[in-house]
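Structures follow.
Look for chain A in each of the two complexes below; its partner is chain B in the first and chain C in the second.
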Partner chain A sequence: MSTRNRIPQLLEPYFRLPPELSLILLTGTLGCTPTWLTSLYVSSILSPQQQQQGEAYTVLLVSWMRDLKFWKTQIRRTTGLDLSKLASEQRFHFVDCTSTTLQHPSTSKDILESTVQQMQSVLSKIESHQPKSRTILILDNPDILLATASTTASNLHQALLPLRSRVHATIVSLTADSPFLAAAAAAATEEASKSRFSPVEVQTSAFVVLMAHAASFVVGVRELLTGAARDVSGVVRITRGGGAYEGDEAGDVKEVEALYLVQRDGGVKVFGRGQMGG
Partner chain B sequence: MAFRKRNVVLGRPPSDTAPVKESALGVKPSSLSSHTVTSTGTPSLDALLGGHGGLILGSSLLVEESGTTDFSGALLRYYAAQGICHGHTVHIVGVGEHWVRELPGLLEEKHAGRREVTASESERMKIAWRYENVGVVGERGAPAAPSRTISSPGREIDTPFQHSFDLSKRLSIPSDAQIHTLQTTPNSTPFESVIHHLERSLKTSAPNTIHRLVIPTILSPAIYPPHASRPENFTRFLHSLRALLLQYSDKLTALITIPLELYPRTSGLIRWAEHLSDGVLELTPFPHLMDASNSLAESGGARGNEDQPQGLVHVHKLPVLTEQGEGGAGGENSIGDDLAFTVSRRKFAIKPFSLPPLEGDQDAQKDAGKLTGKDVEF
Partner chain C sequence: MAPTSLQHRRTHNILLISKLLNQRDASSPFTLILDSLEQSGRPLLAEFLSRAKAAKVQTIFVSLETLRPSRHVDVFIRAWGKTPAEWRKEVVDALKAEPTQRKLLIIDCLNSLAAIEAASLPALLSSFITPSTSLLAVYHQDVPTLASNTHDDAYSPSTITLLKYLATTIFTAHSLHHVLARKAARDRSHAEPVFGLQEGVEGGIQSLGANGVDGVVLEMEHRRKSGRGVREWYCMTPTSGDPSEHSRATLSLLEDHSSYLPVDNTAAADSDSRTESTFELGLTEKQRRDREGVVLPYFDAQKGGGDGGRILYDMGSEDDFDEEEDEI
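For the complex of A and B:
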């Protein structure tokens, strides 16, 4: 297996193994998806170096937007990690939630319940097979449940809490476009205009804010304000989340903003403003 | 048997026979990746989609349009007509049989070929030689495959991958064409029957049939009941469609148009629709089209009558490339480019947009042109 280290130097401190019960929030926008960050997290957790150093780590990836085929090719081309092999070694598990609405077509309310049950059963399987291994739960776009009006932000948050308590750490990726966050921003400034926003906007922004308050740090990617450029994919910004102030372990997160470029071959360059990518 | 090639296994047919999957008509391998692409029926749109040369199978395209015009409808008709020409199964949602009868017919090839070639030839003579390699829309910074997709339309017409259509003609639909027109049900879940039909059709069809889903002006109050725009209907439908696209990623493509007047891009609902689509394109027609185009023609911003830009095109998201996190960067990526579209009888062309020179400048130029030897006094 390839041992090349694909994590950009500037971001390396944020790819150390997260402390126990911590939460990392990844946010993206329409033109800048954080899938490359998710791939880097999966590969950094499952990399051979990591496994030699300490206890074994297991990844449970739950995706509402992309299927296993996508993640396999994406992680292989960005990091050279073979997910099929890791899956057969029981170190990588995947729960496919892309077809939840297809299977529950009518206005059923049990989409969230069935999904959570599915995740619980996979977690039980991991715990019985590898009692010593530490599991990292990665949730890719659980806010789809809010977009399809299957549940509310507080219900989703409550359903995730028991799952989070069963795993070592959780990484959540959400969308944070300005139409979604406008509701939260307006609620903070002027109470009266709240009714302008649709329930979907309110629920989506509420969930992002909830997660940001619980996270030890937030990694956000967004488009360049000045428009698209040929040598910049977008801006990556790392800020402390609300959880950083609770414990003393994650309190030393350094806040960074930099530009990044995802190349055609999947390699990522991260560099400061005004510097050349390299 | 020393003359037998040693690395060929005995008793096995030669391995270079074409795979069976390729027998589907109207698909070709992407020029960029291992994906398979199909034509949208609009060559300049095919060239825009991230350098793949077409719409990748298993992906959907959302075309948004502001204002009360229906330019995106032309794109949709080309897409449907192209599917019928290739013998694809075409599913059309929300509109009746009459929509199918009004699809544009094929352009007569001899006529088209001659006209297009002369146009491109004359262009080559006019434009300075150093701009010749600049290429067309969407080929920004691409070293490979120069002038392949739309810069040589005369040659492209002969190949069956893309056809040329004429909006003033009507397509003669072959009797064996697989066209399904689906009506949304007026009950509380208007999209459910569409998904059921699509799923059944995909499941039962032969492995190498290609399906196209065509949804004109989704959420338009003329066709859809008001509760269709509720998230439990609309976004759920798009998520189910996405699941089908993932499940049948070698069979299905979809093109959806949406009017932005009632549901602006700043609303959460539309943003979710954009997230759930693989590609997002926005058309912004110029207001007061006639005045604007006349003054543009006068000032020499456009060459002929057919090339007047009629509106702007913004690409917000590209299939596959955006999912991989590439953002606006990279060659052949048209996110953030200034593009304009021109709809004429024969084509829907998307080109780089540039403002014409100012009117004042033109007067100055005219005066300069009048200057003759007589006026110069020593």
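For the complex of A and C:
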């Protein structure tokens, strides 16, 4: 297992272990997915250095978009961590929701309920096996549930709260393309009554906004306004969410906007505007 | 003229907001906090909680999105993971206990409640308000709601319209950074910048400067019992130093914020009045009043017009009256 530190220096403060019951929101667009951020979070939590420093941490990754095989290759390639080994040590758990969303197309409420039950049972298993370990719950694109009209934003938000209260911290990755956010942007300017949005637009944007209101910080990746470039993959912006005011850590999160480049080997470089990536 | 009215407004409105925050005289039965991603209402909620603690008002916190209660909360009711009937019963029980105690009921996310309750929300909220209980609720303005397609409520107003109508005080939270940036642009006759979701940047949900730690700008609309409304913009600055048990934020009018003062103009006006003279050329308020009070002689001559060139003369002691020459 490699011990190389793959976290870019500029982003290091945001990869410290999150405070208790906090929420971190990762957003991306079609052209810029935040999977590299998710892998970095998994590896920073499970890295041997972290584990040596004290309490044991467990990761429960629930993915609606990508299967276990993808995450295994992605995380091994970018950070050198072997997920199979960690899974056999009971430190990494995976719930595959890539197909569950389509299992019961007729009874829509059951999909959310069965998924939540599945997660609850995994959490109970972790709690019974490793009572001292702290669990970080990572949800990859739960907004698929909204896109497939399986549930509503409010139901999903309410269903996540009991799960979030059982784990140490939660990391959620969502899509934030402008078509998904148009309804929220209109709601804030009170234009909502004039323009009609489809249920998927409304539910997805409502969920993103609700999550950002609860998040202690939001890490957003997006494409460059000028289009794709060879030496820049996109822009990463970290802002304080509504949850930043909770607890005594208020004001600890510094906002940042920088460019990043995902290299061919999966390593990521983060640098300020005008600076060179290399 | 202007400085005295500002002074009056300052004293009056600062007093009003501290009365509202301290829950004095039940001045606002239903306070609504409107916030957005750019500025969360949580600092204001925390201020309400800490002041309620100091004023010995019992706080009942109904959580629809909060996991960990603040240390100032007296009763914490989790509404998630329960049926609406279950937590509503808990709220009613908490409100019924100790009927003489002043209580503040807090709902942290009306959006979730509106999604569950929809049509019956106003009735539900009104049922919680009693003479000894005030309601404080947060509504996230940028969470869209699905426009209803059913015939029953196609004409009914949206949740936010209803809430704004019901509320006796509305606080809208704005980011201090954004307000100052807009003012700076306005002062230079530039187009005012937009932030956050309005920016329309692909993949950007918040702007830099959102949820700042230096303070919150509050737009207040308070409706008095008489029906008269008071509108004011405040700046709430957190007190520096250690967060002790009763640390309070400082409240001031937005105009009094150091970055909001028209710095250049006042400096110019001051230097004008002090040009090249050691004399005080202005008048004090007392001097002005005294000057207006002086009755000039022969003032009554102006009243009795139309007599032609009549000479009015008061005889002095040294004058002797000559019947032939003098006529009065």
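In this text, the second predicted complex is superposed on the first by the 267 of 278 C-alpha atoms of A that agree within 3 Å, B and C clash if a C-alpha of one lies under 4 Å from a C-alpha of the other, contacts with A are read in each partner's own complex, and residues count from 1 in each chain.
Simple rule for what comes next: a residue touches a chain if its C-beta (ideal position, glycine included) is under 8 Å from a C-beta of that chain, and two chains touch if they have at least 3 such contacts.
Small disclaimer: the values here were computed from a predicted structure and weren't measured.
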item: Chain C versus chain B on the shared chain A, clash or fit after superposition; value: fit
item: Touched partner set for A:A183, first chain B, second chain C, both or neither; value: both
item: Angle, in degrees and to the nearest 10, that opens at chain A between the C-alpha centres of chain B and chain C; value: 120
item: Touched partner set for A:L17, first chain B, second chain C, both or neither; value: neither
item: First (chain B), second (chain C), both or neither touched by A:V208; value: second
item: First, second, both or neither for A:S165, with chain B first and chain C second; value: second
item: Which of chain B and chain C A:D231 touches, first, second, both or neither; value: first
item: Chain B versus chain C as contact partner of A:A87, first or second or both or neither; value: neither
item: First (chain B), second (chain C), both or neither touched by A:V122; value: neither
item: Chain B versus chain C as contact partner of A:P199, first or second or both or neither; value: both
item: A:E223 touches, of chain B and chain C: first, second, both or neither?; value: both
item: Distance in angstrom between the closest Cα atoms of chain C and chain B, superposition on A; value: 11
item: Footprint overlap on chain A, comparing chain B with chain C; value: 32, 177-178, 183, 197, 199, 221, 223
item: Of all residues in chain A, those that touch chain C in their complex; value: 20-21, 27-29, 32, 152-154, 157-158, 161-162, 164-165, 176-178, 181, 183-189, 192-193, 196-197, 199, 202-203, 205-206, 208-210, 212-214, 218, 220-223, 225, 237, 239-242, 244-248, 250-251, 255, 257
item: Chain B - residues contacting chain A, complex; value: 140-141, 188-189, 192, 195-196, 199, 230-232, 235-236, 239-240, 242-244, 246-247, 249, 265-272, 274-276, 280, 316-317, 322-331, 333, 335-337
item: Chain C residues within the chain A interface of the complex; value: 35-37, 40, 42-43, 46, 64-68, 80-81, 109, 111-112, 115-116, 140-147, 158, 196-198, 200-213, 243
item: Chain B contact footprint on chain A (complex, rising order); value: 30-37, 65-67, 69-70, 74, 98-102, 105-107, 144, 147-150, 175, 177-180, 182-183, 197-201, 204, 221, 223-224, 227-234, 261-264, 266, 268
